[in-house]
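Have a look at the structure below, then the notes.
Going in written order, the chains are labelled A, B and C, and every chain counts its residues from 1.
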Amino acid sequence: MAEPIEKVSIVISKGSLEGVYPGLIMANGARMEGIEATLFFTFFGLDAVIDKRMDHLKVATVGNPALHIPTIVGGLPGMSAMATKMMSKEMEKIDIPPVREFIEMIHDAGCDIYGCKATVDMFHLKKEDFCEQVDDIITVGDFYEKSAGAQIIFT
Amino acid sequence: MAEPIEKVSIVISKGSLEGVYPGLIMANGARMEGIEATLFFTFFGLDAVIDKRMDHLKVATVGNPALHIPTIVGGLPGMSAMATKMMSKEMEKIDIPPVREFIEMIHDAGCDIYGCKATVDMFHLKKEDFCEQVDDIITVGDFYEKSAGAQIIFT
Amino acid sequence: MAEPIEKVSIVISKGSLEGVYPGLIMANGARMEGIEATLFFTFFGLDAVIDKRMDHLKVATVGNPALHIPTIVGGLPGMSAMATKMMSKEMEKIDIPPVREFIEMIHDAGCDIYGCKATVDMFHLKKEDFCEQVDDIITVGDFYEKSAGAQIIFT
């Protein structure tokens, strides 16, 4: 018998809306199944837990051919805001909440949330810049320690 | 003795040609080694198994400095089509088939192929929109269940 | 007791500066904790170990809303060079060395470094094109074999 997934340790490294949601959805899905979950935000992914930024994440409208928007159009001012509004609306329809609310929900469900120390230092951030759900700012070494027994999923 | 990799559960989340191939190559490589493999398409990655789109995936010619094309050139109409043609040609030379054929081959080799329910709902898609190799549309919870004993690889 | 992470097998598939660093930082962090580590460079990630290119990796200034630079500005000539200079400076401040030096350091710390054969063939590269830290050019099958007992982390 194959061993069931009992714990996941999910890294969120991107700061676009479509770069953040997959990791959140996987963390939430894990908790709903009784699977232990940890979220580790690093690099641009930190934007998703920075208090002043987390409500303003945007969809990247260039560099993603699957959006089916020509670069020359996707790069126009306002396009990203429009795509973001559309995606948020579709998310809402399938009961996926906005980032802040989703993070509160996932944290309430028992998922630990951490920020990456190296990136926090690099971007000159402080613990106070983050939403209250961020349990701690930890090193990569700490991350590995907390990932004992987990599947590491880098998104 | 370290435990050999016996099963991989590969998530494909991007819809550009260069975003889809690594996951397909890893799934195919796994099957060739007798390693069990599952493919799970989510977010823009779904494009790779949508019947009307899978033959038209494109290379992103902006947002990737490693392509060595200035953004101002990469964003011009036709550039993505040209880069796609070039990459497809190089792929063919090293015996990597086009996406549709590759997916058929991987599926024939015993790899299960799934679409992500949340994204399918978000994009208003139906089971009929997918190529016949898609075995089922499943939730993230189902995905974890099917990943028992596997290394989860998010691409 | 949950089983500690004892080995990581990190795939680097992107060639932008911010696409390469997370994998390097995770490999370095692993070695510093006494965790076994392997690096596998594939697709555009190969740029980070190509002798003539590894000193010139650039930040992508479009397609990443978390950079907070409008696409129309991010696409201007010179923007990527400027953002690259800024990021490199911040990296230096937190004691993260430039890519070449970092790879030497990680390799010296006992991390094996491999290039992906399929991509090497696709891009018409040769073993001589790579920095000396690249131990070998291996297939995906070899990669899985070398990943026995490891957490596979795709970045």
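FYI, a residue touches a chain if its C-beta (ideal position, glycine included) is under 8 Å from a C-beta of that chain, and two chains touch if they have at least 3 such contacts.
Everything quoted here is computed from the prediction, not taken from an experiment.
Engineer: Over half shared numbers or under half: where do the identical copies chain A and chain C land at their interface, same or different?
Structural biologist: different
Engineer: So what angle, to the nearest 5 degrees, turns chain B so that its CA atoms land on those of chain C?
Structural biologist: Between chain B and chain C, the superposition angle is 120 degrees.
Engineer: Using mean C-alpha positions as chain centres, tell me how far chain A is from chain C in Å, no decimals.
Structural biologist: Between these chains, centre-to-centre, one finds 21 Å.
Engineer: Which positions in chain A touch two or more other chains at once?
Structural biologist: Those would be 60, 62-64, 75, 151, 154.
Engineer: Which residues of chain B touch chain A in the complex?
Structural biologist: That would be residues 7, 11, 13-17, 19, 42-45, 47, 57-64, 74-77, 79-80, 118, 121-123, 139-141, 143-145, 147-152, 154 of chain B.
Engineer: Can you check the complex and tell me which residues of chain A touch chain B?
Structural biologist: Counting only chain A, the residues touching chain B are 2-5, 8, 18, 21-22, 25-26, 28-30, 32-33, 35, 60, 62-67, 70-72, 75, 90-91, 93-94, 96, 151, 153-155.
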